Each structure stands twice: as structure tokens, then as C-alpha cells.
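Heads up, the next two complexes both have chain A, just with different partners, chain B and then chain C.
Take a look at the complex of A and B:
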């Protein structure tokens, strides 16, 4: 079938240039990864159809001559047949393929964090001023025994009988979510590594292997084993603070990954340990894990390889039966379970999956925490919550709902300039984040953005301390799982029950 | 109807309070006059809606039996509960708790006490091997949660709690505590803000031989409760004090922690302190926090914890509630206010204010040993020697 040169899909945005202000410096042409701009002899010309509103051009226009506008051309309004549906039909009728998207779902599902309010002290118990009193955020991730075992030395003083199982120590209960080299640039990974080291937290390199330049950051890195097993060997497993088995991802539960061969250059080929130019395919399942007992074997195979010296984490997507799944994962020997919620980000996912599969992290987390407590095994593993943690408030609420720590992915990318345009899968990221094009990646300075990431987590940690102080507690473990400090607003009885919290005023 | 249980639509009880404790380390018994005098001085710390006492060494003739003190709303509740006792316990003696009808306490539940031990062939032996202590705990929880109008407020050996709605000095008269003798006394004056007129809510709270009087609000109540539920504790009363008693039961009785270490869980040292410790100690205290983080009591509190071998006074980690200690000879006094101590002991040997989060542990000694109150670990700064 011949492809029509005309498309029904109109440009979503208009890149409008004020030619009176423009000094023809052509910086916009250079900065745009999408090829929106060109020079037409005497002035800059914009091809609106290419603009994704990533914000790079106007940020770097020295004259403020560029405005990105939403295309005012209307489509006939229809509450049922919305633009979103109609445009996808047109696009797919042209491409004949699966619609692919980047980032978390942009659809307006109910965000439960926005319907939860926090408690504070008044009169009967005093709030604590975090500027005057110590306020502890230190967090340890890993299996904890249910009781302490003591010996007594010759002076009759108690000493530990057994060494504690391995733990990851976090100075503040944040970490950077797994994002692989390939899906993002090495410079983006380096920025997170620098920040993680300065903050005393960890980053996660995702499934794309460990680049040589990140090896020195091992203490602040979680290495991942996913279904593609890229870059996995004994040294790799031993090079980080922990090993994570990736089963699923919040943005695309049940779906694997596909990094096209044209993106597999020499560097990525070496890091992933696959031939250059071949597609890097992560199968939907691990082909050695078709059930929970297989997961147990992989967990213990890894523990053997790392001599039981580091915790093993398992990352799962929040799906309907998540509580039972996590209970199984914990019983299979995971020391940490990373739960990725419905609105979590991705480098690329089928739009149908991203926008329709899974459940929100708030509910998944509350259910998992409750289930593990009912089974008396909450101490057996730490829980990490992820899936669009947008602020320190979201983080505080997640911890009160039962998380030991939260992971941020999209928020970290936004720190590096990302405007959430959702086109990560195209490899044209003008900010140098989700691209491997050298002229784009080199503009992301790891030190500059490492410092911004440091600032962000530092600021959020201070906010967390303020809230803890207002609640009258001076340690994060007194908030963890303390749902009594949460109240719901505008929630139904079923929603409150699923979250395990009371309505405001109760 | 009198409220024995927490039927208020609240998650947990909020109250301010006054505390006193007296211990004689040689286990010489005294009657309740001093403790009444001391707590009466703290009259204004309560509002007349809860007062109570715990006394150790009060039932020497039944020292091998569990002494159950039970409140009943009505005779139906009494009958049902006694049926349970008959089926599961050998009851050595049962009687009304002696009371003196005073005009200050004009409304009270039926108050009974039972001296008994679990039957060796009790029903649960068919399917479990619970020890006697565990069975008693289970029975107390069962009655307090499932038996309407019945509430067990004391279940230890050779000790008892006496409590109710009223000012503590009136409660002392009501229970005629000048006729009761013990080597250790604790007292409580309550200022509840959201659960008025609740007999079950008065302190002390006891379980087996543990007793707690507590001034404060546990801001970490939510997670402490959920943590205990993991170990099958049923928090029927929804009070902070209940949480403390159960955490101590878990740590000391079930997990075998020394008393001092259990206190280091309730008021854990800050990491900034732990990081300065010697490696072996650092490892121990880090592990303690890692394992028992959910048992950390956060928020303002001062508690006096009684157990057969002694008494422990403890403040929260940043001392948000008052607590003063004093000694005189074989006696140690703990109170919310120094004036209470001086009310009954005009010239104490030492008076000091315990540091935030550092427990004061006073253990009884065998009667032939020398007087051994160790005041050496009181820091010089805090020490206020009275000549």
C-alpha cells in the first residue's frame, strides 16, 4: 500500500518564532534533536509536525524569540471520541503497527497520593523542630531477623550472636530507579552515580550492563539481572551494593524490552556483551523462571555467586494480585522487593499496556505491606516503592503506607532537563538523556546535573524532616507503615479499605 | 453503663498525666500511704478521670498463683467470664476486691479477684503446647476483646493493680490501700482528653507481672500497634500504655532481651551516638535498631515500668516529659515532680533528673546483701547532692 504524503494527524504544537527578535544564531537548529528547525536563507523555518514540546529550543534561545504553543486548530469536540482516540486511529491506520510510547501514562487516572493527608501534633504531644533536634532518615534495606540473638561475653555484656544479614545503608530513604545504559545515555547514568555517592544512597543501572566508567561507583550501585541477562557475569554481580532481579516494570507489566540494533554501537555492545548492530531483546519472561520455585533458584544462584555478602532484590510490577505475588517472592528468598506502580516510567512500551495495565503503587504498597504483616514476614524483606513519586510528599505518604524507601526515575530525568514529552523511544532526546547520539549526549554534563540531583534529594530530605518533626517523631522508622498518621479525602469506602486508612475526621 | 472497654470511636487514647514510683530494694514492704501522698501532690496533673496504683509483694500467701483482678459491668458478664475461668483454671480462691464506698467514687463496676493457675488438662492442650504464662496472656486478651462487659486489669503473681475513674488519692481510699503492703509501688494520675470516664483506661496497665504507668503520647502508636499485631498481640484497649506493656512482654519475655537492652529499643540511641561506639557495640546497637525499628517509642513519654525484680524509669529520646528520681537509703523514688518526692522524703540522699532516653534501673537485692543503689552512673551534671 502506498503511503499518503498527507496525514490526518495535525501537529500537536506550533514552534512560533518571533522573527523581529531572532538574531539568526541558529542555536535552535543545533539544539533541537527532532529536526524541527532549519535555515531558510534569511530566517529560521519551523516544521511544526516534528515538534514534541521538549522545551530545549526556548530554554537555550538567547533572545527569547521562540514560543511553543498548543496547536489551536480544533478537532470537533466529543466527550467520548477524544483527540487521543481519534489520532491514534489515524496513526495506526497509517503505520499498521503497535503504538509505542515513552514515559509513564499521561492519562488522568486518580492519583491516590493526592487524596491522602498527613497528621501533625497539637497540644497533647509536641512537634519537634528539626533544626534543633536530631532527625533520623537513615534506612537499611535487607532482610532483618524477627528477633535478636544474643550472647554474653565474660563481663556479662550482651554481644551479637549472629552477624546481621547484608544490608544496603541509605542516608536518606531515596534511590534512583533502574534505567539502563541504552535506554538513557552514559552521561545521565554518571550524573546519578555522582549524586548517589555524594548523598550516601544508591542508583540502579538497569538491565544494560555496567559501563567501565561506573565501576568505581560500585558501593552506590545496584546491578540488575533482567530477562536479557545483558552484561551479566560473576564480576558484574559482585561489583555493586546489591543485585536486583527484574521481573517486571510498572509501565509495562508482562512485556519485555527491545533496543533496536541501530542503537547498539561499540560502547553499548561492549557493556551489554552483545554484538554491535544486533537487536537487544529482553524476553517478556525470564526463560528460566516460569514459576515461583524457579525464581527461588535464581535468587539462590545469585546469592551463591556473591557469597551471601549482598542483598538480592526482586523488582515486580504492581498487578492485581500483587500481595500474594510479593509474599511468594519474599518466601522465595528476596531480601528486598521493589514494587513498581502503574504510572511508572519507561523508555519504550506499547501504549495499550502503558495506559491500561497494572494498579497504582499506593494501593499495591498498602496491600503488600498488610499481607506481609498478616503472614508475619514483613521483616524478611524491605519494600521499595516506585511508580511516579513526584514530590517529597508522595515519598512521605509511600513510607507511611509501608515502604522502606522510594525510587525516583522520572523525577531524576526531569532534574536533568526532561520536559516529559514522552518520546524517549525515538532516541532524539534534545536533553541528551534518552539518546545515544553523541552530539546530543555530550550536552549533558554529569557534574552539573549530578549536583542538581544532589540538591533535589537534599531538599526532599529536609522536607521529610520537617514533616516528621510536625508529626512529633524524630526517626523515619516511626513513620514507616504508620497508616494511622494518614487520612483519606474524597475516597470511597472501598478505596479507603484498599489503602487501609481512615477518612479525614475519623 | 460503665465503660470498661474502649468503645470510643478513636484509634488511640490521648492523655497527659502525673506519675510516682517507690521501691525498697531490700523488698521491705510498706503500705500505700506514702504513694498516695506523693501522687496526691500531683493532683493538678490529672482531671479526676483516671487514677491507679500497682503494688508488688501484696499477695505473699498466693505468690505461686496468678492474681486476676477483673472488672464487670454486670452479673451476666461475670457469669460468662467465670465460666471460662472454671473451664481453664484451678481457682484457689475468689473474692470481691475490698472497697470502701466513698462519696468521691460514686459509680463503679463489680470488682473481683481470683487466685488461680491454668489447668494442666485445659482445652487448648488438645491443639497447642502453650506455657502457663502464654496461656494467661492469651486468656487476658480473649476476655478483654471478646467478653462484653468484662475486663481483666491485673494478672500477675504476688502483685496487683488497683485503678478506676477518679483522682488517685480517692482511688487509694476507695481500694483502702493503707491496708495493702508491698515493696514496690507505682501510681498514676490521668488527664485524658478524648476518652472520659473510662475505667479500663486508667493506669497502671499490666500484663502478667509487668506494670506500666505512663505519661505521654506515643506518636509512633500506629506502627507500634501494627508491629505487635505481627506477633499476634491483640490491642483491644487502643491505648499507648497497652502498646508499651506488650512491646516489653515481647522483648523481655519472648525474645529474651535484658531489661536494659529492651529500654534501648523503646528509646533507641541516635545513630550519631551509635556511630561513636566501639565496633562490637556499634554492631549490636545498629542491629537492635534494624530489627526493632518498629518498636521504637517515638513522641513524648515518661514511664515507670515495674517487674518483680525491680523498677525502671525511662524518658523518650529527647525528654519531652518530666521525670525526676531520688534515693534515700534503701528507697528509690521516681516522680513527675521533685515536690512529690520531697513530700514523702524531706531529705533524700540524691535527687536527679534522668537524661533523655537513658533508663534508670533499680533492681531489688537479696535481703542479706549490702545496700546497693548504684548512683555512680548518674552523671555529674545531673547530680544534685542534697546535704
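Take a look at the complex of A and C:
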């Protein structure tokens, strides 16, 4: 089909310049990755159709002369035929392509974290003041022995007889979610690596290989093995704190990764160990894994290669039958299971999948924790919860629903300037995060944003201690899976049952 | 030489070769002994009575190390291997050479499914037939060119998602067509050579079918001669053309599939 020169899709936003305030410094032209601004001889001109409201221009306008407005020329309101339905029809009728989006779903599905309230102590069971009493957030991820065996030394002190399986030690139960070099810039990865090291936590490099400059951060890195095996060899497997097999992702369960050839420049080619310019295709099925037994085979192939010295994690998306799936994954030998919920982020996913496939992390976690406990194998693996953890409150609730730790992806990107415009797949990110254009990536200073990430996790850890104190527990471990400390509001009986919690007042 | 000064079960040395009797040994124990032998400087390891043990040669490194296997090794032989050679005097099972980086696996028999998955370097030579999904996700990077040569025929999905490297299908002793269904589907790099002319119209539309030229033949010759030598075959017959070549039509088979969503 020939391309029509006329498009129905009008500008989403208007980049409005107050020419009385504008000093023609042209910083907006330089900062915008989308080419919205140009200089018209005597003033800045904006091409509204290119604006995605990423917020970069007004953040860096020294005169506050820019406003980004939602285009007031509204589509006729219709509760059924919403803007995005109509615009996607127009776009797809022009290109004939599968609609692709970045980030987690922007659709307003029910967010269960917002319908769960935490307990606190009053009078008879006093709270703990975290400002003057010790409060433990340290978390170990990995298989735990099913029982503790003790010996006693000559002083009569107990000595642990069990040989502990390998663990990842986290100073606080947060980690940065897997994001590959290619989907994000190296500077964005470095910011997370610096923060992870300073915080005593880990980041995850996703399936894009390990860049040379990240090798020194190995103790704070989880390396990933996905179906495309990008950058994977024996040295790679041995260079991190743990190895993760990626089966699925919350934003696109059942869908693989696909970094287009145009984004595979020399440096990414070297890191992924593939030729420049070829598509990096990582299909959803690992074509060597068609059963739990096959998964076990890969888990133990990795364990053999790393001499059983590090835990092996398996990342799966939260789907309808997640409890049975995780039970199988744990029995296959995973030491850690990373569960990524519906509304989790992505660099690119078919919109239909991102917006319609999977189940919320809250329900998935509750179901998985319950199932593993019933089967007596909850100690066999640690659980990581992810899928838009937006605050420390979400993190605390996730842990009370059964997680050992949470992973943050989008929240980390927001720390680096991301305004959640959802255009990660285009490679134009003005903040230098989801782009490989050197003029854009060099503006992301790893030190500066590493410090902001450090601040964020520190702040959330302090908040976590506050609520733990209020609940009268002095360690995050004591809260894990304590669903009795949660109450639901505005939830149906079925929802409460799925979450394994009572309604407020009960 | 005895390991650590005290004899381990089934381990002895003979003329500089460490001989391990793998009879009824769990793979974990067997592979631990192999790793320790290599760490202690062994260059030749002979495994006797192998019977399905997984992961033999998993993640081992060193260009001058040779492991000889008597018996049928289990899945994932040579997985993540980086340099050594493994010679199997029998059939092998599935997933051999999985994500292999360098080295060589020689099989004097048939192979199972998924051989050389994501392989980035080294060679796998199979004398007989092989199963489904051979050479899928094969890579090739810089000077590393992984090469797989299959003597007989293969099952479906040969070269699926192949992104680099070279596969040669000789189809020896086969009068019927030596490939299954979905041949080269999703292939976006590398090359497949066939000794047998096949009706290509029913296979992947993402690849092209050509006759191999002199440049191809001079590249292949080196590997075919080694293959002939390893399996005691007539080299003259083996390198006699014509060979047929299959290459992807595009390095980006799915480039035009997508459009940016409204949000």
C-alpha cells in the first residue's frame, strides 16, 4: 500500500512557547530528542506533532517559557470509543503494523495495592521506634535449609551445622529490575550499578550482555540468560552475584525480546556478541525448554558452569496459572523466582499484549506464597516481586503478601528523569535513558543519577522501617507473607480470597 | 597420579591420560572429578562406561584439553564449553554444544535434538543423523565462526532463528530429502550448505537458495577435510560439488512488522 500524505492522527500535545519570556537560547532545540523545536530566524518554532510530553524542554528552559499542554482540540468524548482506540485504528490503518508501546500499561486497571491497608500497633502491643531501636532490613535471597541443625562448640555456643546454599545478600529488600544495554543506555546501567554498589543491593543487566565497564560491579549484578543467549559464555555466567534465566516479562507474557538491527551499533554488538546491524531476536519460547524438566536441565547446566557457587534465579511473568508454574520452577531447582506482574514496564511490547495479558502482581504473589507454603517448599526459593512497585508502601505490601524482596524498573527510570511518555521503543528518549544516540546518552551523568537512585532507595528503606516499627516488628523477615497484617477495602469476596486477606473491620 | 593424594572412586592414570570409570556415577560427581582433573593440569581425560550423565564438559576452558567419551553421554554435553575437544565414540543425546564458545565436539554416531543452540564458536561434527532444531540461534561474532557438520539427515527447524555461523548438511547415505519441515525459519544471519539438491519451494520464504561458489568452497574445504579425517571418509568424495547455499534474505526479517502505538 502507498503511504497517504494525509494523517488523521492529530498532535497529542502542544508545546507552547511564551515568546515574551523566551530569550532564544535554543536550549529546547538542543534538549528535545524528538525534533519538536527549530529556530525560525527570529523565534523558536514548535512542531506539536512530534511532542510526546517527555518534560525535558521545560525542565531545562532557563526562563520557564515553555508549557506542554494536552491538545485542547479534543476528540468527541465517548466513554466506549476512547481516544486511544480511535488513534490506534488510524495509525494501524496507515502502516498495517502491530502497535508497539514502551513502559507498562497506562490503562486504568484496578491497582490492588491501592485497596490494601497495613496494620499498626496501639496500646496493648506497642509499636517500635525505629529511630532508637534496631530495625533489620537485610535480606538473603536463595534456597534456605528446611531445618536448622546445630552443633555446640567447647564454650557451649551453638554453631550452624547446615551448609548454607549460596545467597545474594541485600542490605535492603530492593533491587533494580532487569534492563538490557540496548533497551536502555550504558549510562543508565552505570547509574544503577553505582547505586547498587553504594546501597549493598543488586542491579540486573537483562539479556543484553555485560559491558566491559560494568565488569567491576559484578558483586552487585545479576546476569541474565534468555533464549537469544546474547553475550552468554562461561565467563559471563561467573561474573555476577547470580544468574537469572529469563522466561517471561510482566509487560509481555508469552512474547520475546526483539532489539531492532538499527539499534545494534558497534558497542552493543560487542556486548551482545552479535554482528552490528542484525536484529537481536530473543523469542518467548526457549526452543530448548518445553517442560519443567527442560527448565531443570538449563538451571543445572548453569549451576554446573558456576560450580554451584551462586544462586540461579528464574524470571517469569504473572499469568493465570502462576502458582502451579512457580511450584514447578522451584521444583526444577530455581533458588530465586522473580515474578513480574501485569503493568510491569518494557522497552517495547506489542500494545495488545502489554494492555491485556497477565495478572496483577499482588494476586500472583499471594497465590504463589500460599501454594508454596501448602506444598512445604516455600524455603526452597526466594521470591522477588515486580510489576510497577511505585512506592515503599507498595514494597511493604508486596512483602506482606509473600515476597522476599521487590525489584524496581520504571521507578528507577523516573529517578533518572523519565516522565513515563511510553515511547521507549523509538530510541529518541530526551533524558538519555532509552536511547543510544550519543548526543542524548551523554547527558545522563551516572554519578549524578546514581546518587539520586541511592537517595530514593534510602528514603524508601527508612519509610519501610517506619511502618515496620508501627506494626511492632523489628525485621522485614518477620513481615514476609504476614497476610494477617493486611486488610482490604473496596474489594469483593473473590478478590479478598484471591489475595488471602480479610476486609477492613474483620 | 592420584587426585589429592588419595584415590577417588574410579579414577586412575594411564600414560598421561586420566581415566575415569563413570559406571553408576552421578553427573555431579563425574563432572566434579573432570573439573578437578583439568584444574590439576590433566590434558587428556578418558571417560569409560558413560551412560547418560548430563553436562559432561560443562563450562570447561583450555584449547589443549581433550575428553574422550566411551558410552552414550547425556544431555548438554559441552554446554558453555570454551576451547576443549570432546570425542564421543557413540551416539549423543540432546542439547550438545549448547551456547558453546569455542572447542570441538566429534560424534561417531547420531545426535538428538537441539544441537549447538546459541553456539558462538567452535565446531560440532556429527557422523550420523541429528534430530530437530539443529543450530538454532547460532551466532558468529567477529573472528568466531561456529561450524556444525551433519553427515546424515536432520529433523525439522534446521537453522531456526540462525543469526550467524555455518552449518553443513551432507546427507550421506540418504536417497530421500535430508531436511524436515520449517527449514531455516526466522534465519537472519550465517549460512547453511547442502550437498544434496532439494526442492526448496516448500521451505522458509525468509531465505535464498544459491549454488555455492569458489569462495564458499575454499572456506568449506578446510572443515570438510578435517571432517573426512575425523571419520575416516574419502575426502575427495566429500568435497566434490556442487554444494548448495542457503542465506537469509535480510538481517532484519521482521523490520516492517510494527508501528508505534498512540500510547
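A few comments on the model shown:
By definition in this document, the second predicted complex is superposed on the first by the 496 of 506 C-alpha atoms of A that agree within 3 Å, B and C clash if a C-alpha of one lies under 4 Å from a C-alpha of the other, contacts with A are read in each partner's own complex, and residues count from 1 in each chain.
Following the convention adopted for this analysis, a contact is a pair of C-beta atoms (placed from the backbone, for glycine too) under 8 Å apart; a residue touches a chain by one contact, two chains touch by 3 or more.
As the structure is a prediction and not an experimental result, all values here were calculated from the model.
In the superposition on chain A, A:330 contacts neither chain B nor chain C. Legend: residue contacts after superposition of the two complexes on their common chain; A:426 is shown touching chain C, with no touch to chain B.
Set against each other, chain B and chain C touch different numbers of residues in chain A, with C touching more. In the superposed model, A:125 makes contact with chain B only, not with chain C. Touch criterion met: A:474 reaches chain B, while chain C stays clear of it. Of the two partner chains, neither chain B nor chain C is touched by A:46.
Of the two partner chains placed by the overlay, only chain B lies in contact with A:506; chain C stays clear of it.
Overlaid on A, the two complexes show chain B and chain C touching no common residue of chain A. Contact residues of chain B toward chain A in the complex are 9, 11-12, 14-16, 193, 216-217, 219-223, 225-227, 229-231, 254-258, 261, 268, 270-272, 280, 283-284, 286-294, 296, 298-300, 317-318, 320.
Chain C meets chain A in the complex at residues 27-28, 31, 35, 54-55, 58-59, 61, 75-76, 79-82, 94-95, 98-99, 101, 114, 117-118, 120, 133, 136-137, 139-141, 157, 160-161, 163-164, 186, 188-189, 251-263.
Here chain A touches chain B in the complex through residues 121, 124-126, 128, 133-134, 136, 138, 140, 144-148, 150, 158-160, 164, 167, 373, 376, 378-379, 471-475, 477-485, 502, 506, going by the rule given at the top.
Residue ranges of chain A in contact with chain C, taken from their complex: 9, 12, 83-84, 87-88, 91-92, 94-101, 106, 227-229, 232-235, 237, 258, 260-261, 269, 273-275, 277-279, 281, 283, 287-288, 297, 300-301, 304-307, 350-351, 422-423, 425-426.
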